[in-house]
Each structure stands twice: as structure tokens, then as C-alpha cells.
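Okay, so chain A shows up in both of these, paired with chain B first and chain C after.
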Partner chain A sequence: MKTKPGYAAVLAVLAASTIAFAGPSGGSISGKVTYEGTPARQKPIDMSKEPGCAAQHATPITTETVVVGPGNALVNVVVYISAGAPDESTPPAQAVTIVQKGCQYLPHVVPMVVNQELKVVNDDANSHNIHPLAKINNEWNKSQPPGTPPFSEKFGKPEFIPVKCNIHPWMHSSFAVLKNSHYAVSGGDGGFTLPNLPPGKYTVTAWHESYGDQTQDVTISGNETKTISFVFKAKPY
Partner chain B sequence: MAKFFALTIIVIAIASAVPVVMHTWVAPADISTHGHLIDEQMSETMIEAGVSFLAAQIILAIFIWQFSNRGPDAKTKTFPGGAKGLVIAALLLVGAEVLALGVFGVKAWADVYLTPPSATALPIQVQAGQFAFYFRYPGPDKRFGPLHPELINEPNQNYFGLDPEHDLDSRDDIVAAEMAIPVNKEIHLLMHAKDVGHSFFVRELRVQQDFVPGLDVSLHFTATKVGKYEIVCTQLCGLGHYNMKAYLYVLSEADFDGWLKKEAAMQ
Partner chain C sequence: MRTLRFFKYFLVVVAVLSLPSPSPAQQMESHIGKLTGHSESGKQLFYRYCWGCHGFRGDGNGENWLPTGSYPYMPYLNIQPRNFVAGTFKCRSTQTGSLPTDQDLYNTLVRGVVNSNMPSWITLTAQNRADLIAFIKTFSARWKNDKPGDPINVPAEPKLTAESIKHGQELFQKLECWKCHGQEGFGDGPSASTLTDSNDQPIRPYNFAVGSRFKCGATNQDLYKIFMTGLDGTPMPSFADVIKPDDAWDLVHFLRTLQVTHKSPELTLWGSTKEGAAQIASRKVSGTPTGSGIKQ
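On to the complex of A and B.
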């Protein structure tokens, strides 16, 4: 059977593109973040000055500076590729959202990519004033009376930004503005997965709002899944 | 027209005096041992200022009634002794009035504010910051740990900047977002501002005192009636000023001990 050279070229391109498509869904890095030692006790929050919020919590919520799970799992750790992946010049089209509900920020840690839309929602029947304490990006604070529609903001430079509410001193969150969308936040079991990694050498950083950051170098070849773990030292005070 | 104006002045003056004389807007019942002095002082001030106000308005109306509608040739009369005598007379009159209020006010102010609390008074520290009050009780050791402003960490509820890791006195300190006090017990309130000027105002206690950043202001009072009262900031302190409040619970001795134990368990 005689194969035309043209067909062969098309087939080759098709095959190559299949591999290229397989690439992003290929390698991944997953693992678990844990702590050793005694983490600080999280204190219940007294919201009596804002009765509408206090009523939304059957039992008072606690501070969230160190959230842990079973098996010494450390929750709310941002795990991301800090080197090895290209910066994303076009941010994801999907906005990330932070909701103010029951005088609490949901979620507690909000990762996003540089210039990605951040939507701020007030779900409470009282005013909030969200105030990201940015040092590299522009610092701003915006009031949001009850019933006002969500507003959008974005950050142009990578930075970890503590966020507070100017009206309710106990409200606290963190924005993690990252250079690419290869990130994950450790869940209730401390687990995380960074999928869709093409083969290459990566630096993985784990960042925690109270314990700082740690890095590890990981090399991915082919479609393999590498497992790594981060262990943070917890302090009682 | 001028006579109508004179009558209008009289009507407005009397109408504005009526609610004051009739006690239409009364202050809430006093719940402190010193409050009656404040109330008496307020009442004396109102009488003195009210009588002066009415007298001034009535004299003004009489003059308008008497001396309006005069022809262009009427002779202008002057005050005996000229303007100088009038000014001196007014200064002496107003000065004597203000001085009298100050002298009589000493018992309501200086005797309460400028005297030390008794040795058995319960110390409570209150910190005002944008836009909330936090209260600190010394715990079983009866001693407050030192403050380290650089350690203030709101996400972790370390509103006072305590260092329990290094300061043993701080370990049993109790920090709360509401204030509870035992009834009929003298309270020594140590006031501290974290950022800007604020004020501590409880209407029923007849206590209103500014926080001044950088100054340790203190006052003492005794509450005499069990109940829940509102503590509000009455010094415009910024965007969230309208929402800067906390609650004061005046409790029986036993209830107060229970409250303190409950708060201690949450530290």
C-alpha cells in the first residue's frame, strides 16, 4: 500500500498534537502538609457587637490563624509552583470570589493569578469594609453596605496580602497573588494536588499565614505523579 | 410687624423651655453611686442657663416692642456709662455665672475623677481601637501582664499585644469583647487607646471619658443596678465609628464569678 507523503505528515502532526494534549494532563505533584509540635490554640470569636453575625453561628467560630485536621494535617496552606512554570500573561477568565458572611471571610485563603478578577461579595445584613494590606500592590479599602452588588478588583503583581475588615477587627483573610495557575490549597486532610504539569524541573513552595514558607525542588518526567510532603514546625504561642 | 416679631420671639422661647421644664426628655435612670451628683449639676446648669436664656429673649422682645416704629427724628439713647460699661457688666455677669457653675461642679467632677479608687477596687483595662472595645481582667494572680504593642495581632485575637510565652503575668489574663462587672463593687477602669481618640460612654452610669492616645487615663465608679447596658464610643474616630460599641453587664457577685470562669476557659 502506497502512503502519500501528505497523509503521513498529517498523521504525524495529529500524533504530535495528541502527545501535546496529553502533556498538560500528564505529570502532577501531590502530597500532604502536616505540622509537628503544638499549634496555638484557636480562640472563639465574640461577635456580640454585631448581633446579626453572632446569630449566624450556633457555636462561636474560632480564629483561623492555624487550622489543623486529623493526623497533624495543616489546612489552608497554599502550595504553588514558584519556579519552573512560565508566568501566565493572560489570567484565567473565571473570577475568584471572596464572600463576607457571618462576619467571616469565606474562603479564609484566596489564591489567584496576577490580574485575575477578584469578586468581593457582602452576604451580610451589615456593612463591611474590606482592606487588603498590600505592600507591593496598591493598598485599598472599600466599604460595602448591605445589599450592594459585588465589586471586582485585581492585583497586578505577585504578593501574599493579609486582608482585614476595617469594621470588624476579628475578620481576617489572605490573598495569594501568584504568577501562574499551578496552585492548590491544602484541604481538611492537609492534602494537595498540582495537576497538568509538563515534564520539567519545578520549585514547589508551600506558604502558611502563620508559619511562613518552605520550598522543594521536583523534577517531572513524562506522566509521572511525584509525591512530596511539607512539615511545618508548630508553636504553642 | 415689629410687634409680631417680638411676640414670635416670646412664643419660641417659651415653647423651647416647655419640654425642659416638663422633663419631656429625661436621662435614663442612674445606676451609679456618683450619678446623682452629675444629674444635680446638669439640673443646676439647665436652670441657670434656662433662666438666662428666657430673660435674654424676653428683654429682646420688650426692646423690639418698645422701640420699633420710631420716626426718623427720634433720638438714639445710649447705655449709661457707654459701651465700655456695658461690656464690663456683661463680662462680670457671665464670668460670675461660669465661675459659679465651676465651683458647684467640683463635687460632681473633681471629687469623682481626681480621687484615687479604693484599694479593693476591681481593676479592668479597656482598650479602644478602630472600631471595637476589648476588656482585660487580671486573672487569679491579680496582675496584668505588660503590653507589647508590636505584638498586637488581631487575626489571633491578641488585641492588647500580650506575650504569654515570656510574661507569666499575661498567661492568666482574661480578654473579652464584652464588659461584665459585679454590682455594688468599685471598678477601677484603666483606659488605653490603640490608635486614635475614642470615648467610653455609658449613659446609665453617667460616665463619659475620652481615650487619648499615649495617655493612660483611669476612672472609677460603682454600679448599683444589675442589667445590660450599652457602651458606645462618643468621639468621632473614623469610618466605623457608628458601629463602635460593646455591652456592659452588671451582674450579681455569683454571676460575675461564673462569667469570669467562662471567659477564662475561652482564652
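On to the complex of A and C.
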């Protein structure tokens, strides 16, 4: 019974999130992203130049250009509505967060809506510089020494932006700046769900940092749940 | 032979006449002090002086970077000329991610870019330079849709003291400038050999020991601006949010002492202290301005 307050808190959070998402009910699109072929082998990262970071990983972490799960699941794929849903002129009030910890970006892929607040956090005891290599948006590059408070930024135009830290060349991330908040990132099993879609015709795009993008047209009527799947051709190099 | 030569001139004339002429909507002005530059005048100058490197379309792919018929591909330049289409500039007085002011671009034309192939254009008239800046702004839509950012405020320089230099040295450690620039400022820090610019071209951190000038100026104010604004398009980030103005001046004072081949009040003062003298004496200048010979 000791854990009761904990359960209560979890329930409260669950309830709150259900209420928050219960707005315009409707159909949904869910499915799975997989690959066929042999994906490139991910190499262990040598962090010996940054001992403070190396010490945080019992076994060296690997690169994350292609992350896979059991059953040929492809992880870190951004699945989003690229056409059919209205552009959101007011971005979600809540900020999305990217954390630098153990010389790694968490999460590896950060989707956000145009003009939504992006919070950048440095949890390490060493400096990082956050350098989004934007082409459509403005390219900026900011230093974040240890102990400095998180800072906020936003991007005004939709774009997939590679992000790197120049001090630690192995650190890579992607910002996916999207036109609306109907998006999901495929999880460890490759699964994704796009809830709360009013009836209509949609174009669904799946984007992967190494394998590019694919689209599918889906028509939703009523409260139905459509299931679709994306299969990416993996390259061994 | 004569006909052939005549034909060549004819081709050049046709080529010049068929240059994409900026439509009225694309015309730009620049404002530098009392001068107003006009892109129509700058266009003539650009296609006389600049396009050999910066390219017909201003994308940095001029003949000197992408020689016609050169195979294997051998550029005459070792650093790619600025791509004006991208609209990203190193030398600014404005925050990272924002456009530079007209004056910033003008200053680059006056001083040239040290250790690169960009010369000083002091030989042109001030009006010519202002016109060129106006024309350069026609290459990127950013100049139409966006405004230059707010300039970084550079407060008056406080008095130079040994304590200021010492504190600057602590900041150099704390902010981890040495990760790229090296503990002694030779541009040989642990991350130096891995650096690339935003076009994936290798780029080297500045070697303080072998030069007096920086890419974006030579004065203490310029040095202050360089690390506060960051050099956009390169690995050098902005420190504007993380260094307080007083601390920034301390860092400027310390960075000057790294320039052991350049006489400065900072170097003289630091050399007159026991700690500073020992430090300066121990520095054996190594490396080159362009950073070749960095240990991989």
C-alpha cells in the first residue's frame, strides 16, 4: 500500500493525458515500419577523448544512423500527415525537449511543429555546441557549457534538419519541423499511431534519416482505424 | 584567326547581355553610413571582379572553385568561396542565425578574409563597395523575407589588468575553447582534426600563435564580437548567452596573450608577471595559419 500515492499520480497523469487528447475524436492511422535487406552495421563510438562521457556508458554506445528492433522493426522513423490536415498556425503550448547526456542526443529524432518551443538541455559535465545545419530555416550554432540553464529556440519553416555537435563529432540528431501535430516516431517495435484524425483524405509520409521518405494515401471515414505499413529497403553500407 | 577572335568577343558580348537581369522586385539597396548602394550598379562590378570565385549565380561555384574541364577535379582555391544563395555569413555583429548588417558585409569587403583567397577590396571606391553589397543581397530570398538581427552590444573595454587576463585564462578552460583551439592556442585541440563546415568541407580552428589578424577583424572589439556572435556556417558557436560582458572582456585579454608573435599591451603586461612570463616562454610556436599538420 506504500506505493499508493505513486499509483494515484500515474493515474492522474494518464487521466490528464486522456482528457487532453480526447478533443476532436475521430479515426486514427496506425501501423508498423519495417525494413528488408541488411541494414548497415552500427559501429561502437570511441568516447575516449571525453572521459566524463565514456564513463557514463558501461558498454560503448553505437552510432544511430539505423536503429532496428526485433522482427525487422525500423525505429526512429517520423510518420506524419504531410497533406490533408490543416497547417497549425498556433503551435502546441508545450515545449519539446532535447537533452545532451553522456555525449548523446536524447531522443535521437525530435519532431516538432513549426514555431513550437524547442528546449535544449545540457546534462553533461562538459561543453556541447548545438549546431542545426538548417538550409531552409536559419542556421545557428550555440555553445552550452556545463551548468548553464536550458535555452529555447524555434523554427519558422517546415524542414528536416541534421543536428551536430562540433566538439563531439559522433553526436548526431535530427529535428523534424512539421506543419501539424499529427505525427509519431516509430518505437522499438516499429509501431506508430496517429490518433484524432477527422474523416478525410490524407497523405501519410514516413521519413528515416538514412533511407529517405515514403508516402501513402489513406482515406478515413467515421471513427475507423486504418492500418498501414511502411517497408524501407535497407542498404548494408 | 581574326574571325575566330571576333567570334569569341561576340560570344562574350552575347553572354554578358544575357545575364539574368534583376527584375525590379529583386533590386536591392544597401545603406552604409551616408552611402546608398544600388544592386544594378553592383551587378556590373560583380560580373567583373567577383564571379570568378563566387560564381555566375553567386553560389560559390566559380571557375576558380570548379574549373571547367578539369579532371581529376582540382580547384584552384583551398577554401570554397562564400555561397551567397545560402545567405549564411561568418562575420556579423548580429546574433547567431541572423543576417549580418550591410555594414558587416561592407567591412568584410574592406578587410578581406585573412588566410583565405578573399582579398581586400580597398582599391574600389566606397560607392563601388556599397553597390556590390546591394547586389550580393539579390542572391538569397532571405534578404527580402528577413531583417538583419539585433547587433550584439559591445560595452566599453574595461581597464587591462593581470587579474583580467588570469580570469580570462580560467574562462578559456571552463568554456572548453581548448577542445578545438588547443591549450596553447595553436589550433590543435583534441577535436580540431574532425571539424567540418556546414558544406562538409574540412575546416581548421584559428591558430592564435602564428597570426595577428582574425577572419572577422583585428581589433579587441572584433575579437569580442567573434566569439559572442559565433561564425555561422562553421563549427565556431555563439557564446552570447553564456558569457557576461565583463567576463567576455577578460577572455579577450587572455586570447591576446596567446598571440605570441603579435605585440600587444596584453602580451606585454602578461609577460611582466611571473606566471605569464613562464607561460609565454614555454610556448614554442607551431603549426600554420591554415592549420595544416594537425595531428589526426
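Keep this in mind: the second predicted complex is superposed on the first by the 214 of 237 C-alpha atoms of A that agree within 3 Å, B and C clash if a C-alpha of one lies under 4 Å from a C-alpha of the other, contacts with A are read in each partner's own complex, and residues count from 1 in each chain.
To be clear about the criterion, contacts are C-beta pairs under 8 Å (C-beta built on N, C-alpha and C of every residue); 3 or more make two chains touch, one makes a residue touch a chain.
Keep in mind that what you see is a predicted model, and the values were worked out from it rather than measured.
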{"item": "Combined model on chain A: chain C and chain B, fit or clash", "value": "clash"}
{"item": "First (chain B), second (chain C), both or neither touched by A:L133", "value": "second"}
{"item": "Which superposed partner A:T148 touches (first chain B, second chain C, both, neither)", "value": "second"}
{"item": "Partner chain(s) touched by A:P169 [first = chain B, second = chain C, both, neither]", "value": "both"}
{"item": "Partner chain(s) touched by A:D46 [first = chain B, second = chain C, both, neither]", "value": "first"}
{"item": "Chain B versus chain C as contact partner of A:N223, first or second or both or neither", "value": "neither"}
{"item": "Per-residue contact with chain A, leading partner among chain C and chain B", "value": "B"}
{"item": "Shared contact residues on chain A - chain B and chain C", "value": "49, 126-127, 129, 143, 166-169"}
{"item": "Touching residues on chain B, where the partner in the complex is chain A", "value": "129-132, 154-157, 159, 163-165, 176-178, 238-240, 243-247, 266-267"}
{"item": "Contact set on chain A toward chain B in their complex", "value": "40, 43-50, 63-65, 126-127, 129, 143, 162, 164, 166-170, 172, 209-210, 236-237"}
{"item": "Interfacial residue positions of chain C with respect to chain A in the complex", "value": "86, 88, 95-98, 142, 146, 174-176, 179-180, 190-191, 194-195, 198, 230, 232-239, 241-242"}
{"item": "Partner chain C, residues of chain A touching it in the complex", "value": "49, 126-127, 129-131, 133, 135, 138-145, 148, 151, 166-169"}
